[in-house]
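Please find the structures below.
You will see chain A twice below: alongside chain B first, and alongside chain C after that.
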Partner chain A sequence: MVTKSEEDQLNRLETQVDNGGGGAWEYLCLVRKLKVRRPDKVLKHGLAILNDFKKRSALGTEEWTLCEQVAIAAMDCHSLDVAKDCIEVLRKRFPDSKRVGRLEGMLLEAKGLWAEAEKAYSNFLEDNPFDQVIHKRRAAVAKAQGNISTAIEYLNKYLDTFMADHDAWRELAEIYISLQMYKQAAFCYEELILSQPTNPLYHLAYADVLYTIGGLENLQAAKKYYASTINLTGGKNRRALFGVCLCTSAIGQLSKGRNKDDKDSPELQSLAVAALEKDYKQRAPNKLPLLTSALKSLRVSS
Partner chain B sequence: MAEDLVLDTAIRDWVLIPLSVVMVLIGVLRYFVSKLMRSAQLPDAKIVKEGQVIVRARNLRAAANFIPLKSFRARRFYYSNEENGLLFVPKGQAQNAQAQMFSDPNMAMDMMKKNLSMIIPQTLTFAWVNFFFSGFVAAKIPFPLTQRFRAMLQNGIDLSTVDVSYVSSRSWYFLNLFGLRGLFSLILGEENATDDTQRMMQMTGFGFDPTRSLGAEKDGLDIVQHDWTMPKFERRAESVLRKLVR
Partner chain C sequence: MNRIWAFSSSLDPGRFSLLRRSPREPPSKAAIFPSRSELLAGVPIGESLSEEGRKRTMRFGFAIGVFGVLILSHAAYSTVQYRGLLKIMEEEFSGPPLNVVAELLVGLVLCTWAALTVPGKFHSIHPDSEENRIVSLPDNMDFMIFNHRGRVFPSQLDLKLKH
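What follows is the complex of A and B.
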């Protein structure tokens, strides 16, 4: 996860480089370190450095890392010729390298030749069954082909060995949600919350899944997780506020007649409504009537 | 005997400084040689998986209060289940790891290589110091010492009346041996083969037992009391919102 200061630095460098100031190399290094995805900018500035012979030789051995970064960005922007050139240069320099082989596999993927890419990746995995990136790329190939069940199978096998990889858990959770397998998605989100308990996004996603599964207990849990998201974001997350309102009204509907309603937070819903109204008044005052009518219908049933 | 001996500055120029420089250079040389000689060790599947399991179990212990009770119990059962729990290790296997480590040819070779790369330069340098730099007083230690240290620090000096603070160059060699570790970690980065003292300590407590750490994790997990923090968060969220709305 990128921290706020790093994000600010990145944006600052980005505007600086875009407007013609120097610092392209620092920008590219920062992008590489933070693993953010900015393919168009990386491609533009990276190519500028690579094509300028003076700047290129000033980099020394870092030139090859830059080449790799530009190749990946080119594949992201679908400039396959640029990617192919970069990979050829790298292949000439490092003839037996697995890293270059990985790039070639990615190029096959980008071209859409799924079977060849799959074969290349399987060969790599035979040589070195511990290459995490290649495992994940194989799952990505399966997903891109539309073969979601194979993707799930690959990811599960990968997670069997490398169970501390939270990116993989996240991907698996999203795949499960797309297949409406909500209980499994809930499990994945629990894993994510365990590994990064202070990240509000995971609490939010988990609350969404719980709300979707439904049932009184899940709704109460979902309300609690929306509340913790509000806690972690200082009340600024509108989705969590909406979530709280919806949950409370749904719980109210389910437990109508029974007085089992938890008296933990009686005012939470009204507070959330008030916060939402204030927010809308500040940012989108013309949508305020929509909001109030929608919330009124919720409040009536609660 | 309380009078101070005046030591020739030539000693400083020709003994202390060259000795330190030589030791730094030898350390750097050893680092690069060890990097060259290090064979690409293929990680064992079991060890990788166990490492990851430990990380996951530790996360579970640390953040147990953030997930609902049922999920926590399910996961705890999954880990410490008698038959096929991830963290459960039958007693017999626990002893095996050490024996296995000695009989595994690859690992034995690796250990030997590491040992050699540590012992040979040390021995050679020590012999060199003894041969060239013995028989005179090299330095004065700034604090007084008892007579016991005489045998250790004044090895080449055969006068029994010289104050024990005046030491031979052998003690300067040992001082450098242990003191340059910090310097090496600065110039060579964290992982350097010159960490002799650390390695010596590691050798005495041998047995990187993944099984032992698994057992430790399992015990830690068993004693965790689950206290769901979510209701607390709900109340806190109320106060957060109250402040916001005001």
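What follows is the complex of A and C.
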């Protein structure tokens, strides 16, 4: 999870490193800790450290962690030579490590040799059928080849065994959304909310999915989940504020003909609008008319 | 859930609660590269001053705590003496004398204050505070795939790993 203060720190370090202010190693540590994907920067700064003998020996055993990080970043940037060199260095140091073996499998993936990669991974699974990362890599290989249905199958099989792995649930939800299978995606997000009820982003994603499915009941549930996102973020999530407005107007449209039993609080929308207007006034005053006209059109239609 | 937060904030108006507290920072080794706390602090220039101030209040708090414990032990000592005196005068013990009660109260306040300041700063438990508000999920690195549009633009830098 990346919290607000960590994000600020990452951005600050990033500008500092990019402007040559030092702190590259700290930046790389933070990138690893927060699990963010910045392959170009990791490759550039990590390689600079690895090529500098003095800095490299100062790292001690962390050198190998950095080597792995740079290798993955290099594959992501498609600099396969660098990745190969890094993996060779690691292989020399750790002759029969599975972790290096996984990197070699990933290199095969990056080269586009899917069959070989798949073979390597199934060999690993024969040795140890409970290697979670290898299972995930197999799903990723299927996804990279475009076999989305195979990827879903792998993920489902994997989640039967490792139900607590929320990263896999999230991946599955995103795959379902890309296929517009919203019911299944909603199920995945329910699982995620159950496993981490204080994470507002899962509430938000679930509300988005419900809103997309549509229908009066789903819309009402979506509004509730947007409201819970607002509750968890202290109203600092603009997407949730907009979501509340959209849900209210959609619910109003659907229940126009029927008798109106306003059970839920009517202030919710006006409060959301007030929060949005305040936020825009503070951060982007010139976009404020845009916002007011958009909100007005929503309210007119309701 | 709302109620829990409300409860904690009503307990503690300073937005910080007793439930979580930052671990005491380990003494920085004569490290070759910066220690973890420094790594996480990022740019230490602006924060070194507050760090220094925090250390000073911590030392001050520690002294206050020692003083509080001394007062408490003095209260215990005078109670023992008082009871000895009562035995000599052959009177019943009805309650501690006023100065002992006063000492106990002062000692309690001082020790509590020291216990709250010395171990470190409190972390916020509010889900919407800057330290706790989650703004983005980590990129799913386990499912990373490499045939994205980035591969069409190979990095123009001539990078090479030297051994």
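The working rule: the second predicted complex is superposed on the first by the 258 of 302 C-alpha atoms of A that agree within 3 Å, B and C clash if a C-alpha of one lies under 4 Å from a C-alpha of the other, contacts with A are read in each partner's own complex, and residues count from 1 in each chain.
Convention: contacts are C-beta pairs under 8 Å (C-beta built on N, C-alpha and C of every residue); 3 or more make two chains touch, one makes a residue touch a chain.
Predicted model only: the values in this text are computed from it and were never measured.
A.B. asks: Counting residues of chain A in contact, which comes out ahead: chain B or chain C?
C.D. replies: After superposition, C is the partner touching more of chain A.
A.B. asks: So, A:Leu47: does it touch chain B (first), chain C (second), both, or neither?
C.D. replies: Only chain C is touched by A:Leu47; chain B is not.
A.B. asks: Looking at A:Ile148, would you say it contacts chain B, chain C, both, or neither? Reply first, second, both or neither.
C.D. replies: neither
A.B. asks: Just checking: does A:Ala227 make contact with chain B only, chain C only, both, or neither of them? Give me first, second, both or neither.
C.D. replies: first
A.B. asks: Considering only the touch criterion stated at the top, classify A:Gln9 as touching first (chain B), second (chain C), both, or neither.
C.D. replies: second
A.B. asks: When the two structures are overlaid on chain A, which partner does A:Lys136 contact: first (chain B), second (chain C), both, or neither?
C.D. replies: Only chain C; A:Lys136 stays clear of chain B.
A.B. asks: Could you tell me if A:Ile213 is touching chain B, chain C, both of them or neither one (first, second, both, neither)?
C.D. replies: The answer is neither, since A:Ile213 touches no partner chain.
A.B. asks: Once the structures are superposed on A, label A:Leu125 by its partner contacts, choosing first (chain B), second (chain C), both or neither.
C.D. replies: neither
A.B. asks: Looking at the overlay, what does A:Glu171 touch: chain B (first), chain C (second), both, or neither?
C.D. replies: The answer is second: A:Glu171 touches chain C but not chain B.
A.B. asks: For A:Asp76, using the defined touch cut-off, is the partner it touches chain B, chain C, both, or neither? Pick first, second, both or neither.
C.D. replies: The second partner, chain C, only.
A.B. asks: Under the contact rule defined above, give the chain A residues that sit at the interface with chain B and also at the interface with chain C.
C.D. replies: The overlap between the chain B and chain C interfaces on chain A comprises residues 197, 231, 234-235.
A.B. asks: So in the complex, the part of chain A that touches chain C is made up of which residues?
C.D. replies: 1-5, 7-9, 12-13, 16, 23, 25-26, 29-30, 34-37, 39-40, 43-44, 47, 50-51, 58-60, 70, 72, 74-79, 81-82, 85-86, 89, 106, 109-110, 112, 133, 136-137, 139-140, 143-144, 167-168, 170-171, 197-201, 231-236
A.B. asks: Under the stated contact criterion, what part of chain B meets chain A in this complex?
C.D. replies: Checking each residue of chain B against chain A gives 42-43, 45, 48-49, 52-53, 55-56, 59-60, 62-64, 66-68, 71, 229-231, 233-238, 240-245.
A.B. asks: Which of the residues in chain A come into contact with chain B in the complex?
C.D. replies: Residue positions touching the partner: 128-130, 160-165, 187, 190-191, 193-195, 197, 221, 223-225, 227-228, 230-231, 234-235, 244, 264-265, 267-268, 271-272, 274-275, 278.
A.B. asks: Using the touch definition up top, name the residues of chain C that touch chain A in the complex.
C.D. replies: Touching chain A: residues 1-2, 32-34, 38-40, 42-43, 126-147, 150-151, 154-155, 157, 159-163 of chain C.
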